[in-house]
Every structure is written in structure tokens, then in C-alpha cells.
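For reference, the structures are reproduced in the following blocks.
One chain, subunit A, appears in both complexes that follow, with subunit B as partner in the first and subunit C in the second.
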Partner chain A sequence: MATITMKSTSRKLSPAAGIAVVLGVVGAVFLLFLALILIQEGWILIAEIILALAVIYYLKRNPHIEATIKTQFNLHRGVAIMGAAVALLIFPFTMYENAYWLYNVVIAGSFIVAALGLNLQLGSGGMVNLAGAAFYGVGAYTAGLLALSWGWPPWLTLLCGGLVTAISSIFLFIPVMKTRGHYLALVTIAFQFIVVILLDNLEFTGGPQGLKNIPLFSLFGYSFNTEVELFGLTFPTYVNFYFLILLMSVVTIIVANRIYQSWVGVTLATIRDDEIAAKTSGVQINKWKLIAFSVGNFFIGISGAFYAHTVGFISPPNFVFEKSLVMVSIVILGGMDNVAGVVLGAILLILLPEKLRFISDYRYLIYGLVLIVMLIFRPKGILPFKVRDYLGLVSGAKLKSTKGGAEV
Partner chain B sequence: MTPTEVLIQQLINGLMVGILYSLVAVGFTLYFGVLDVINFAHGDVFMLGSFMALVLFAAFGALPYTWLVVLLLFVGAMILTSIVGVVTERLCIKPVSQSPMLISLLVTLGLGIAIRESVRLFYPRGADPKFFPKLLPDGGFNIGNIFIRYDNIIIFLLGVGIIIVVNLLITRTKMGSAIRAVAQDKEAAKMMGVNVDRTVDITFIIGSALAAMAGVMYGFYYGQVMFNIGAMAGVIGFSAAVIGGLGNIYGAIVGGFLFGLIETLAAAILPSISLSLTSLAANTVFAGFVSALPLGTENKRVIAFLVVILFLVFKPTGILGEKEYERV
Partner chain C sequence: MTATTNGKKIFWTEQLTIKFGGLVAVDGVDMDVQEGEILGLIGPNGSGKTTIFNMITGLYIPTTGDFFFDGESLLGRQPYEIARRGVTRTFQSSRLCLDLSVLDNIFIGMHYRQRSWLFDAILRRGRLATEVTQAKRKALELLEIFNPELVGRAGEPAAALPQIDRRRVEVCRAMAVEPRLLLLDEPSAGMTPEETEELMADIKKVQQASTGISIIIIEHDMKVISSITERVVALNYGRKIAEGTYQKVAGTEEVRDAYLGKRGHHQ
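Then we have the complex of A and B:
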């Protein structure tokens, strides 16, 4: 940690002004997001991209403003979280005529959960997993089959979907231990194809027709498939699913963040950066790789199970290789081993293609081209990985007490 | 047909698809040699080759001599596709060849999507399967009960011929030794006066031309092509290159044939396994279990990919690959 540049050019503000800055930034981001979704025409997308680039350019030219905002967010962390929470809670009620977009936001939320699981494997542990969609499918089919054949309640199948997916990673345990890089990529691709071919051909998974009429979520007799009536307005059924996936994503974000901050995250980072160095430092590489792989798959599977109980219909085309690519690009374009980056990546990569529907046919072409351009010009993602700031040296905050983490 | 004859017929089919896979796999291995990049767009370049041939057929299909049209389709598709190959290499692949493996992997996958979608959008009614012109002689002859088609023989001989030509190019010419030198040690090759950039370009020309050739052969063999055949072809080509030993051209060829044979043999053997298992398990508690097993012909690729995974785990350097050393 010898070469950390100190950025301490932030201006001092009175507490009230600081809170105003924090709430202003949160509110502005929220309003821009709402405008992006509520305004149907395509120009809003282009306008917001230009605005975002302009803001980034302006902040780069005036680093003290960026530093001031960051300091205020650190000082008034509680206010920022409260503001974000309020925004997230009122968000679905602004969508009362917009079931389609609320649905997309729900799907984006499920991808946050899955991508954070993949991030644990790919970003933290450095294990290439191009079978994300296959594991997503294992979770979805587990939940669907348990609910359809044995009538288990959705909250239980959700958990089982995650657990079965984590257990199914056993199939790839030996390859994960023995191969890496291109070879691990090929193993996972082969696994991905095997799973899709099997789903297509097995009888008990319904073959190409998939599983139909999977019961949607319900809790204590309250079916999530009922429209919500509030203030005399009728809101789409997806409001229910929105709050469930909000809860799931928040829990996943907290867990992912705790893992990242803990010595487990540091252990995985050492394995990713240099296996031999990690081994000489006494890290049990295989053990931690397998744990990260299984836990990551747990999140991917639970997200797949959520999908099954939200849409009610799953079939093999939902879990093809292209979906795996989307998951991997979320992690890489968002920012490897950066929880906030992955969340941002999931929101952008799931919602922006939907916004591109006005040129619907060219969506995937544009997607491929953007992927290439982004990776050539910004290979570290939107929010690049940062040095862990345990001692507060980077942000310039006070020295915090640190716990010893020698029990690796 | 006796079981042996079925087996021989399947072996012939295996050789036919094997030669296609080999031609695609050689590209993977060449690119890995000179740039250390796995080019996942290579499968879509293969698909592009067959569509180029369709475009050429639309333009020149009315020419009087059939053999001339066939020649034009092959040569024209190879030239056009290799131009696309070099351009994409310059624009997308070389800029990321020094980046971490994941970045180059995703860039080439993105490139594959771009090529596939371009064909789907810009070829007239590109989303539909396209019939390939039947230009090779129809019919065939019997040896016992085994039927051998004339067009299969032509395709096979063409494939073997091009493999021999490429082999001569790589082993006997100055250009070939430049490619091998760059593959072994880029810095040293540069110091010996090898123009590395040009050598990489030439490698992509050769690789793309081979993929295009395989694409046209695929069209003649199956009589139909579609914009999305490239994804599977790419994965199979990469698998074949790895089974054979990544970086080794002979390995890629062996791997291609091996993959083709595993696939067709699995298709031949799975139904009989299924039959015997079903009769064994009839009237026992396992009957339901056996009927749920994936033993249909359509699962041949499951077996092939399982073999790939086993290969990677137990012999990651492939059949002909060099031993990998790990230095600290």
C-alpha cells in the first residue's frame, strides 16, 4: 500500500449543505432513471447518455467537486441510504401504467442476484464460468419441478433451487480445481451445452415445451398475482414481485459486500491475482475455489428459481449460452470484484437493450458492437476494481480499528 | 443392415463431419499460436463463408459449367471471408491480444454476435434456413449394404487436399516458418527480421479461408445453412483444437476427426444401449429410471462434450500438445 495517491481536495460544507448535496445527487439519479423508463421515445436514451458523458467529463475536469460529493456521502452515509431507500420504495408506484417496464426492472433485479453470484466466481476468485445460464436453469427447473410435482410452496422451492444448484456444481468441481483460463472456459461452455441439450431432450423436464403453469409466489395465502390497490389506483401485479426481488437483492448485496470486505474476499483475491503466491502464503486454493464456486452458484440458482416463480413458464431457450454471455458481460462491464459496479452493470445491461426496442431488430448487433468497443476502450468496466480501503488511507478518513484476519 | 455395416456407415459419416470440424479447428490453433487468443468469432466466420457462397451463387449461378460455378463458390467465398477475417483481426482482435484472457474472450464472442446478427439482418430473409444449391453430382454406389455418395467423396477429397496444402504452406515455405517462429517466440521472431504484424495478418487469412471452405463444404453436405450454425461450430472447433492439443496443427486435425467420430458413434450406439437397458430393467423398479435416461440419438453431443470435459481434466494439453511447465 505504498503508492496511494491522496485525494483530499474536498471542500468543507456545513452539515445542512452536505445533506442537501447528498439528497440532491440521490434525487437527481432517481429522476433521471424514472425519465429513462417513463418517456417512451428513444431520444431520452441518447439524451441521457450524452448527459452522463458530460457529467463524467465535468467531474474529471473538476476533481474537487467529485471529492466533495464523495466526502459528503461518507459523512452522511445514513442520509444517503435513507434517500435511496425512499426512492426504491416509491419507485414501483410511479409505474402504475407501466407493467412491462416494472417487469423488466424485476428481471434486472434477479440478474443483480445472479451476477453477484457470478462475480464471486469470476471477479473475486478469477474462475471463468460461462455456464451461468445453465446453473440459472438448474435453479429454475428445480423450483418448477418441486412446485409442480410435489406442490411445495414457492418460498421453499426458492431455497431448494439455490441449494440444488450449489450442489450441482459438484459436476464441475474437478475441472474447477484442475483447469483454468481458456481450458476452464471451454469446460464451462461444454457444460452449458450439455445442460441445454439435456433440458431439450429429457422427458421429465418437458422437453422443448418446458414447464408450464408453475405456481407464482404467494405468502400466507396472499397470491403475488393480485393487483395492488392503493389510493384508489390499481397497480400492476409486478409491484409484489418488485418488493420481493428488492429484498432479495438487498440481502445479496449485503452478503456480497460482507464477503468482499472480509478475509474471505481477500483470500479469493490473492488466488485470483497469483495462485502460486497464494499457495506459498498458506492459502488452501482448492478449498476456497470450490467454496466460492458453490456459493456463487447458490445465488445464480436462487435467482433462476425466482424467475421460474415470477414468469410461471420456463423452457430451454431461456437458458442458452447467450444468457451466460450476458451474465459475464454484466460482471466485466460493470466492474470485476466491485459490488456496486456489478449492480450498475446488471441494471444497465438488462434495461438498456429493452430501451433499444425502437430499433428492436438491431438490438443484438448493437449489443455485440458496444461490447467490443467497451472492452477495447474501457476493459476494467464502468466502476473499476479498487484497493480495499480498510485503513481509510484512500478516502482520507479516520484510521479505523482493524480486526486481525490470520485464520486462513 | 448388420450392426457392423451400421457402424461402418456411421464411421463414414464421422469422417465427413470430422473433416469439417478439423478445418475449423486448425483456425483456432493457428490463432492461438500467433496471438495467444481464442477467437470465438471463428465459428461465425465459418457460417459467413457459406453465406458468401450463397451470394456468389446468386451472382454467378447461371454460368454454363457446373464445375466452374463450384470452383467460383469455393475460391470466392474463401477470398471474401478472409478479407473479413483480416479486417476484424485488425479492428478487434489484435487490440485486445495483450489484455487478460477474459477480455479477449468476450471481445471475440461479441464479434461473433456482430457477424451473426449482420448476416441475419442484411442477408435477404436472413433469419430463415437457406437451401444450398445442389451442384455436386448426385447419386452414389453400394459396397455391400453401405451406400457411398459421390458428393461425399468429392467433399472429403477436397478437405484432405486443402489440409495437405496448408501443411505444405506451414512446413515448407518461408511464410510458414514465419508463422511458426511467431507462434514460438514473438520477440525472437521480430529480432530475426520477421514482420510480426504481417505474419499475423497472413495467419488470419489462412484461418478464415479454411473456415470459409469448411462453411461451403457444410452447405454442400447438408444442403441447407442458417445464420446460427456458427455458434455450435465454433464451440466444436475449439473443443477439437483442445482435444488435439492447442497450438499444434496436426493435433487440431486429429481432434476434429476424433470429435466427429465420437459424435457419430454415440449416435449409433446410444439407441442400442437404450434398448438393452430397457429390456434389462423391464418389470423391475429401475424401469422408470431407465426410461428417463438421456439415451436418444439427439444426445450424441452430450457424450461428445462429456469426453471433452474428461480430456480437459485428465489430459489438458491434448493428444499432441506439449507438456505445460509452470514457472514462478
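Then we have the complex of A and C:
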């Protein structure tokens, strides 16, 4: 039966050549990223955009090369992960006189965590949450207040930031359950503005001045606010925060991916695509929406708490509606319900405006233009939703080629 | 006609009525289904057939009246509770999740039987793996009944399938809940006569594969109704106008009037 659509065949390579291909691709991406950050002039951005378009065009014309690379990545997953790990570990040490960019990368990392939380709501469950920044703020202020008033250690306040945000979202969700459709979006917009107004006016949150001197992270007496001395070189303090947010991002990526490849992922996707079909198949949709909403906000809250303990100073303008829109853009542009896409989206959308500083006045114009062009050419995001393959769960790897099994 | 019924009523309605504003869409309908029976529900467009399905599955709340499944009233129950008790349905216009794989679409029918949720998904993948493997085997078994070719396409998005296969997957999803009453809302809509015949053969196969399941089928194609149903209920303007074997119902004057227009009155 010729039911399975033939994908263009990938070329067979020897293991050594395969590993070389995988490491070559990982290395090239890493070097391009480094060049993008280290070369201050604007031309590098334009050059890399042209290069990226050229590569995409070339791979489109030569699908067998794309297929070969994909096959090799599937075959040598371990090598690819090791290569990426080495690159990520080396990265901060290439930034020894570049504290500003390292800081931006750390912030991008915190947005990976937050956007993956939002992805669970918006991408997986189809719930439009336009109060991402407000929940980020709830996490940040919870952590800041607990640390300042009661002297709790940042590790504990990080967790509390997430938990308080999750719990606050449960209270917000109860009135929403009675309504349908886009009302959640409206309620979250209202919540967004209420939070900022409250932060601005409440006494104990410091009003417009916000919270100052929030203790930064420290580990067994080692303050993260110390410069790192290595090989006779002095590296900026952000190296410490970089490794912390790297760890947090990796854990969040693993958790998000595991949720995606599970019954929870299937259930949320069905609710997103067709609530009535879900209901009449035995799904208690409100329960699952609440779970997605609060778990998602847990990650957003943790990310906010990380911000508080990284920057040490938070005030209401850090948590305004525009930031919520950025978070939503990350998920939509990166790829709804696609973990890798959201990660890519977070990195691009947080670093791109910084890179566009060379055209200072026009940078948000260009930024908006890029978003529009992207959505025209890739309406489903950079990496669109992929069919769940339960990789690592079901024996026989790919379900696509599944035959038999039915006779069991 | 197969005599699989044992005379036990599995489902019945009592004076089922729903009003939308001034319109009485369903008006005091009494009907029942026996265990293992295939009941046809016929009537012109707008006679309230789908509305009855919507009430039985909990999507609409009846204005008055009651309905019973397995001896228990399901009035006021949530759709998910009704599905879990064993009443599932398909829809006239397909309600598959087209982006999701065929397997995922069927998995949702097994949703409430699964035990591995958030905690297992994150920290105990082994337990989840066992469940996914079992669910996959069951889903492929269901697909096999309908169309062995579908087994090979289980990992493809539902959007890649032709109309008839989408219908089949939708029936598989409803069957994955392991219902005792299956409601089929115009399964032949948008299909060629040959496809309709295939699908009806499939439905018979399903009924044989799961002993004791009862089916209510809404259908406009009278050939289908006469070939697979044991009994027929005919509706017009929300009221039951006839009931009995197809031959008997088709011979009733009210039914002829409903379909062809009353003699002497122009519609």
C-alpha cells in the first residue's frame, strides 16, 4: 500500500561522517550566534539574516540534504546534545568584556522559562493569557517582599514566587470558568492593569519606587554578585546568573516537553481544538484549563522571582502590558505548542531589539515589521506544531511507520 | 434484521422538551432504546433530531422532561459525566482535531480511564509509557475493525485523511470511550452512496465486535435506515409522529406528509 507519503530519502553516511555533520551544524549555529553578539556593528545582523534566508532557500531546493541532516540528528541525538551542552558551557566565558550582552542573554533565559509557562496555556490549551507580565510581577514582588521583610533565602523565595503566582491565578480563574471563549483574554487584560495600578499605589510594595536592594542569589555563602576569576581573566558577575538560568531553562524545557508528550498534552490540545469534542469524550474541561493555567503561571512566577533576585531592583514599569504582549508574541511567533519553537522565539524576540539598537529610533518599527513579515510567511510560527510521536514512550520509535501491533 | 435485543430498556426519555425562546424545538418526545438495538431517528430538517442528541449528551439542558440511562436519570449532568457513564456520539459535521494525529484523536476517548497525569508525566515516565503502549494497541485494534489501511496511517494528522476515514476515526473516538449507547448523527453526510454503504457495514461490524452496544442513528438516507435499523422513530416539528419498524413507519400517512408535504397544502 502506498499510503505513507514518501519523504525525500536521506543519504546514508558512515557514523563518523554523521557525527561530523551533527557537530558541524551545532558548531556553525553557535559561531553565528557568537558573531551576532560579539560584533557590535549592525551589518552582522543584516548579513546573518541574508545568510539564514539563503540557507532556508537552499534546503528547500535540496530536500535530500535537509533529510540527511535530520536523520543524522535523530541517529546521533546524544552527540548533538553533548555538542550543544559544551557550546552553552563555553558561551559565558566568551563574554568576558561584554557584561551587557551577557545580561541580555540571562534575561532571554528568564523569558524562556516564562514563555514555556505561557505556552502551556496559550499554545497547548488555547487560553489567551494577556497578563503574563502581571503574573511575572506577582512572582517578582512575592520573592522580593519575602526576602526583604522576612529575610528568606532566594532559593526559597524563588519557589514561593512560583507558588503564590499559581495560587493567585486559581482565584482569578474561578470567575472565568463561568464564561466562555475570549472572556479569559478580557479578564486577564483587566487583571494586568489592576496589578500594575496596585503595585503603583500600595504602601508595602513601595509604590512607584518599587523594591530596592533585594538580596541577589547566593550559594553556600558564595554571592552571585562576585566576579568570576578564571585563567587569569575576570568575567562579569552575570556568569553566575547565566549558569543558574541555564539550569532553570533546561529543567523547564524538560518538564514542558514531558507534559507535551503525555496525556496532559493530548487533553489540552483537544480542548484547544474542539471543546465540544473533548466534553463529549469524557473530558472535564474546566479542571484541565485550571491545571494548565496555574501550572503555566507557576513558571511565569518563578521566572519573575528569578528576575527580582538577579537585578535586585523591581518597580511597576517592569511589569506593564507591553511585556505581556512580548510574551504572547514569543509563543505565537516561535510556534504554538512547540517547545523548541518557543525557546527559539524567546531568544529572538528578547535579543533582536537589543541588536537593533544601531538604528535606535526605528528599532521598534523594524521589530514590528519583522513580526508582521514572519506571520505572513510562517503563520504557524517559526517551528509549527508537530504531531506527537511519544518518542521514548512507545517502543518502535516512530508511530508513523507503525504496522502490525493490531494483531495483538 | 438481527435479533440481538433482549428486551431490556437501556435508555428512555420521558416527555423530553426544549424551548429556545418561543420555539419549541423538541416537544414531549417519549422514546426508548433496548439493549443491543439499532434505532433510527428520522424526520425532515429542523425536526429536532440533533437537538435530542444534544440534550442526551448534556450539551443542552431540557426545558422539561427527563431522560434515563441504565435506570438512572441523567438530567442536569455535565457532558463529561454522561460520556463516562457510557453515552457517546459523533457529529454531523466532523469534530476531529485535524492538527492532531489519528492516534491522539482516539486517545482522547480513553482520557478518563488513564491514571498517569501530571506527576507521572514529569517524574514517572515508566508508568505513562505502559499506559501509552496499551492505549495505542487498543486504538489500533479499533482502527483495524474499520479499515486496516488506517492502522498504517495512525501517526498522520487527521487532516491528511479523506472524508470517509475521518468519519471512521470519529466513530473510533466515540467507541474508545467504551460506550453502551452510541449516537451517530448523520454519519453518511457528504459521502457517496458507495462510501455510505461501506460505513454502514463498518457500523454493523462495530456492533458485533462490542456485544450489547445500542445505537441511535440519525439518517436522511432511507436505504440506510431500512437496512440497518430494527426500529424507527419519526419526528416532525419536534414531535414524535410515528414509531415502529421502518416498513410500518414509512407507510404512515403523517410520515409521508412530513417528507412530501401534506396533500392539499403547499409548503
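Here is the rule we use: the second predicted complex is superposed on the first by the 373 of 408 C-alpha atoms of A that agree within 3 Å, B and C clash if a C-alpha of one lies under 4 Å from a C-alpha of the other, contacts with A are read in each partner's own complex, and residues count from 1 in each chain.
The working rule: a residue touches a chain if its C-beta (ideal position, glycine included) is under 8 Å from a C-beta of that chain, and two chains touch if they have at least 3 such contacts.
Treat the numbers as computed from the prediction; the structure is a model and nothing was measured.
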Contacts of A:372 with subunit B and subunit C, given as first, second, both or neither: first
First, second, both or neither for A:258, with subunit B first and subunit C second: second
First, second, both or neither for A:362, with subunit B first and subunit C second: first
Which superposed partner A:204 touches (first subunit B, second subunit C, both, neither): first
First, second, both or neither for A:270, with subunit B first and subunit C second: second
Touching partner for A:385 - first (subunit B), second (subunit C), both, neither: second
Touching partner for A:191 - first (subunit B), second (subunit C), both, neither: first
Shared subunit A contacts, counted only where both subunit B and subunit C touch the same residue: 276
Complex contact set, residues of subunit B against subunit A: 38, 92, 95-96, 99-103, 105-107, 109-114, 117-118, 121, 231-232, 235, 238-239, 242, 246, 291-292, 294, 296, 298-299, 301-302, 305-306, 308-309, 312-313, 316, 326, 328
In the complex with subunit C, residue positions of subunit A that touch it: 1, 3-5, 255, 258-259, 261-267, 269-270, 273-274, 276-285, 291, 295, 385, 387-390, 392-395, 398-403, 405-406, 408
Interfacial residue positions of subunit A with respect to subunit B in the complex: 122, 128, 174-175, 178-179, 181-183, 185-187, 189-191, 193-194, 197-198, 200-204, 276, 321-322, 325, 328-329, 332, 361-362, 364-365, 367-369, 371-372, 375-376, 379
Residues on subunit C engaged by subunit A in the complex (per definition of touch): 57-59, 78-80, 82-84, 88-89, 91, 95-101, 103-105, 107-109, 111-112, 114, 116-118, 120-122, 125, 128-129, 131-133, 136-137, 140-141, 143-144, 148-149, 151-157, 160, 173-174, 176-177
